[in-house]
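Dropping the structures in below, format is structure tokens.
Below are two complexes that have chain A in common, paired first with chain B and then with chain C.
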Partner chain A sequence: MEPLTRMAQRKRRGRFSGLSVYLWILPSLLLIVAIIFVPVFELFRTSFSEVTRSGLVKGWNDFQNYLDLFREENLLLVLRNTLVWTVVVVGVATVLSMGIALLLNRRFFGRRVVRSVIIFPWATSLIITASVWKWIFDYNYGTLNLILKFFHLIGANVYWLAQPSSSFPVLLWAGIFDTIPFTTIVILAGLQSIPDVLYESADIDGAGGYRKFAHITLPMLKQPLTVCTVLNIIYVFNSFPIIWTITRGDPLNQTDTVVTYLYKLAFQVNKMGQAASISVLSFLFLLFFSILYVTLTQERKK
Partner chain B sequence: MDMLKRRILHVLKYLGALLILGVFSFPYLIMILTSLKNRTEIFAIPPTFFPKVWQFQNFVDMWAKVPLAQYMSNSFVIATCATSITLVCAIPAAYALARMKFRGLNAYMYLVLVTQMFSPIVLLVGLFRVMGWFGLVDTIAGLIIVNAAFNQAFAVWILKGYFSTIPYELEQSAWIDGCNRVQGLFRVLLPLSAPGLITALIFVFIAAWNEFTFALTIISTEAYKPLTVGIYAFFGKYDVQWQYLFAVSIVATVPVIALFLGIEKHLASGLTSGAVKE
Partner chain C sequence: MSRRGWTRLVVLVLVTAVLASFSLTGCSTASAKSSFTFLAAQYSTATEPFLKDLVARFEKENPNITVNLQVVGWDVINQRVNTLISTNQAPDLLNIDLFSAYVNDNLLMDASKVISPALKANIYESLYAGNAIKGTTYAIPLLSSVRSLYYNKDIFATAGIATPPKTWSELRADCKLIKEKAAVDAYGIEMTNFEGEAFFSYFAFGNGGGWKKDGKWALNSAENIEAFTFMNDLVNTDKTTNAQPTAINRDELQKVFAAGKLGMMMTANFFPTILKTDAPNLNYGVAPMPCNDGKPQTSLFVQDSLMVFKSTKSVPAITKFLDFFYKDANYQTFLTNEGFLPVTKTVGTAMAASDPMTAEFIKELQSAQTYPVDDTRYPEIKFAAIAALQKVLLGQMSVTDALNEVQATADGTT
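After this line comes the complex of A and B, so read on.
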């Protein structure tokens, strides 16, 4: 740095020293603390307290909310659904996105159009996309049954959304569809940052397509893949609108995940305490991934 | 042999592109076609693929079916105010992260990063109670402040990224010309960071425009509902007015997609906190 600017900087630092520097982050900090951290605190407090039916929070109640929660008969089912939902949606979406990103990384006529269309589900409100899927999978009037019948793949209409054995896969598909855009864009950004030189020297060594993928592409994508997987786990776990629009978690909690279940506990059957306790457990689970994410992203910079 | 292999790959590439194009435009195509059918045709057995009668009238009638103009203006107010608050708070914070060093700044940065991972749904119970304390349940102000808070992390992060790419020397020479830090920020740094600013602005606007879960929870008065919650009215008790639902959806989505395509290039780095290079 030039001596002159260093002098100028020292001068400024003098003027902006002391507590006034904190003014720069104060508005942001206040917003985050008041609207995110205070609710976190209130959530924990509610989970450890007796809550009256009118919503009044009384004192400490010896983990009663947690014990009640564990006695809910559908809890295990809901947890299993959540696990399947998160793992399948993130897993399948990542594999498909990898394929799509590899394709989009090549030159071809119409690439911009494909790239734009991929973005649609990301820009559209989740409840709108979910509504369309609900309509497409409709028993009587849905487009899917129409098409399948047209090609004689089914004889009679299929009740896609009536029983969990087929409605849960429909939810998974809607989830995968909505997860692909973000994942593809992140992987594509990663692919574009791989220097061509690496592939050129692999060509000289006579490496084939598969070996180039396994020994150059994948290792170079480690960082973006890890980051988008961790982020997707958090996003997909938290995803509420898709399930709420298509099945509402019905019938009888059969297609509920933790977030739709906690919504029902809190705002439909008035079990605030139990809703708070399952939220706390989810929060701790997500916090673990958040910390993992922060560690991973900050590591690279050192 | 090599020639043949290249040919096959070439064909596969286009087949793949067509498949992706087909799958990803399919629901939107169905949305458009359904929005142009009349009620009789929607509930016809067997169903039709293309409308027999193109019912453009749906796009006129939808305004009278629900207080659509009210929902839209609510969504617009919520998204605009939330975006303004987010940026007013995020710009100085991002500036501090990019240009200054003081005790606690790192702690703040980690705090922001971690909140990027929180969503209103898991905090819903706590959030609902806190909104109650402030008298914000069933108000548009409540939606504004929550959207502003939950998008803070993204805005701070993308702005910090942009600020860091602009040489500090430019501001420093402005100081020598007599500007102070705040003037330097407004006259030098912000104009140069316009792409980052626009990206943050559009992204936060869209996120607030599309937000559903929290709005569903705290808003019960018809006049305060944003579009996402309002269109739930088309899901009636016994049937769904699909044609209007999709007509409204199209009107609500087209401008958003257009905005989104404009900023899409910058999103990967903002959302992954700079962990992915562009």
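After this line comes the complex of A and C, so read on.
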């Protein structure tokens, strides 16, 4: 059977050789060019151009957008926030997801229900989950204040979302909460692909729970963990709705990340050129992680 | 033929018929029809149904004109217009608040070339002239709103206050009384990017200050410094306002007022329309804005306008549409739906006669001032001013330092 299929394959490859291959992928290629390459090109062009407040592009302006951007007093704060946001959300979400995935990998009553429930926050629109969190932490009507007061844990309502010292942790928590489902599912899939034989032979060798986790589970999960971490970094770095819905990056840009900050530059103060220049920088950052992702997944296939 | 075959045939015939009718109308319209796009802002859920009906009736009266209506929410309208302009698809007719950036790029048509003489004569001269940039009016006033003091009569009774405050010293004393006796926040202030500029204006105007003086940015004027020291005293010394003005926006504050948990707040004359549905039993009153002792009574008004882009090819059709839109019956329905104040004399007189509260608002409008909307840098300065006052309220900077900083931004010396 084997040589025959191979021959059939070769025959098929022959039929679609040369130019006709490109002809077949031409429609999708055109689509990709139209919806990815053209906007990216426009983005770069805008970042190097003077753009008036009403949106007219006036042409090359000697890197002025970048110079202005680096002079913005809030830029460092925003970059620091973005770093904390991305690292904490992805880091904590991965650790929590690992625990949840290990739990869900065991057999227990109602496992199916729990497995489907875990997807809920992911399946719901981010704006909806973020609005729910905003209401929970609201000063005047928030359920959290209500519960804490009921149990006499606080005397008066707490203004959770007023100061970055408490509002940023709220944002982080909302981010983590929304990152867990995807991460859990990826890790769970990884866990299920680990053959039971490995654990059985470890049992025979007398390995304990921790050693089994450190020497079998974790190494076997290396691929799924890298994949979901790289993807999460891209998603979380780019995440706009949570912060925008809950604090709008305020007060005083103290809870802004790059994405909300560039939105403000573009659509609140109408500095489209500067907004484009910070977009270019985050594009390059994300491009790096995308390349990393592709390299890692390609390696896996080999 | 099988049953399935018949269905297929019927569908085929129907599709062909529909396609044919499309191409037919396409042929007949090409010759005489003119059309234009109208990008309108969404004020409430009533806006779109009203405008759709308006356009339908207009098109029925003028079969050779097509209006492509798009109603867009306030949170995205700027973004939409900017995108349309940068891709050379500017709307023909636009309804928005700020337009100096478009004038600066020479995109707007002189309004007098579009508006009919009869309509122009019916619009309050001060409002029409108020939209002028360097002597030319590019935008036709559509509606305005004026800010007043809204106070909860029950809370005032509990605190033993008979009449709403007229001066800042009365305001300050009343706030203390309310906080003490009624145990609620006495006075609502917001200082966020949502509408902090309104509260900047209330306090600055109320002390004879403002955004500009003699056409130049005057953000750190002595009047403004005194005004914001007063504001900061209410928030941080007396602690009689809502606790964190930098963390609540006007709409959220209005909900607190509607829930009967706020003594007073300043907001626009569309608030009664909201309260009618949200809190029909709230016992509240409306009074002119209190101003500093010895300063003339003034308030803030905001005006939205209609403007025509130079790229349009349908000026006569737009002129006709404007006459139709501002026709007393249509225009008054629109304003009553949204709770705004009229800019035309005939509807102004009619609405003032039918409702004493509207009459009072129209009176307050006469002495009110507005944002420096004729300056292209206003959006930028606005956010800088809000940030400066946030620093003051969060205790990060003194009033003088913060205002000096925003003045330096405005002067371009930073």
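The criterion applied here is as follows: the second predicted complex is superposed on the first by the 284 of 302 C-alpha atoms of A that agree within 3 Å, B and C clash if a C-alpha of one lies under 4 Å from a C-alpha of the other, contacts with A are read in each partner's own complex, and residues count from 1 in each chain.
We take it that a contact is a pair of C-beta atoms (placed from the backbone, for glycine too) under 8 Å apart; a residue touches a chain by one contact, two chains touch by 3 or more.
These figures come from a predicted structure and were not determined experimentally.
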Kindly classify A:Ser116 by the partners it touches after superposition: chain B alone (first), chain C alone (second), both, or neither? first
Taking the superposition as given, does A:Ser125 touch the first partner, chain B, the second, chain C, both, or neither? first
Output check: A:Pro251 vs chain B and chain C. Expected answer is one of first, second, both, neither. What do you get? second
Output check: A:Val87 vs chain B and chain C. Expected answer is one of first, second, both, neither. What do you get? neither
Going by the contact rule set out at the top, does A:Ser54 touch chain B (first), chain C (second), both, or neither? second
A:Met272 in the overlay: touching chain B, chain C, both, or neither? Say first, second, both or neither. both
Could you let me know whether more residues of chain A are touched by chain B or by chain C? B
Between chain B and chain C, whom does A:Asn140 touch in the aligned arrangement: first, second, both, or neither? both
Could you tell me if A:Leu286 is touching chain B, chain C, both of them or neither one (first, second, both, neither)? first
Which partner does A:Val95 reach: the first (chain B), the second (chain C), both, or neither? neither
Chain A residues contacted in one complex by chain B, in the other by chain C: 57, 140, 266-267, 272
In their shared complex, chain B is touched by residues of chain A numbered 1, 4-5, 8-9, 11-12, 15-16, 21-25, 27-32, 34-36, 38-44, 46, 57, 99-100, 103, 106, 108-111, 113-114, 116-129, 131-133, 135-136, 140-143, 146-147, 149, 177, 182, 185-186, 188-190, 192-193, 223-224, 227-228, 231, 234-235, 238, 240-241, 244, 259, 262-263, 266-267, 272, 275-276, 279, 282-283, 286-287, 289-291, 293-294, 296-298, 300
Which stretch or stretches of chain A touch chain C in the complex? 51-57, 139-140, 159, 161-163, 167, 248, 250-253, 264, 266-272
Residue set of chain B touching chain A in the complex reads 13-14, 16-17, 20-21, 24-25, 27-28, 30-31, 34, 42-47, 49, 85, 88-90, 92-93, 95-96, 100, 102, 104-105, 108, 110-119, 121-130, 145-146, 148-150, 152, 156, 169, 172-173, 175-176, 180-181, 206, 209-210, 212-213, 216-217, 228, 231-232, 240, 242, 245-246, 249, 252-253, 256-257, 259-261, 264, 267-269, 271-278
Over in the complex, which chain C residues touch chain A? Could you list them? 78-79, 81-86, 101-102, 104-105, 107, 192-193, 243-244, 246-248, 252, 255-256, 259, 261, 376, 379-380, 383, 387, 390-391, 394, 396
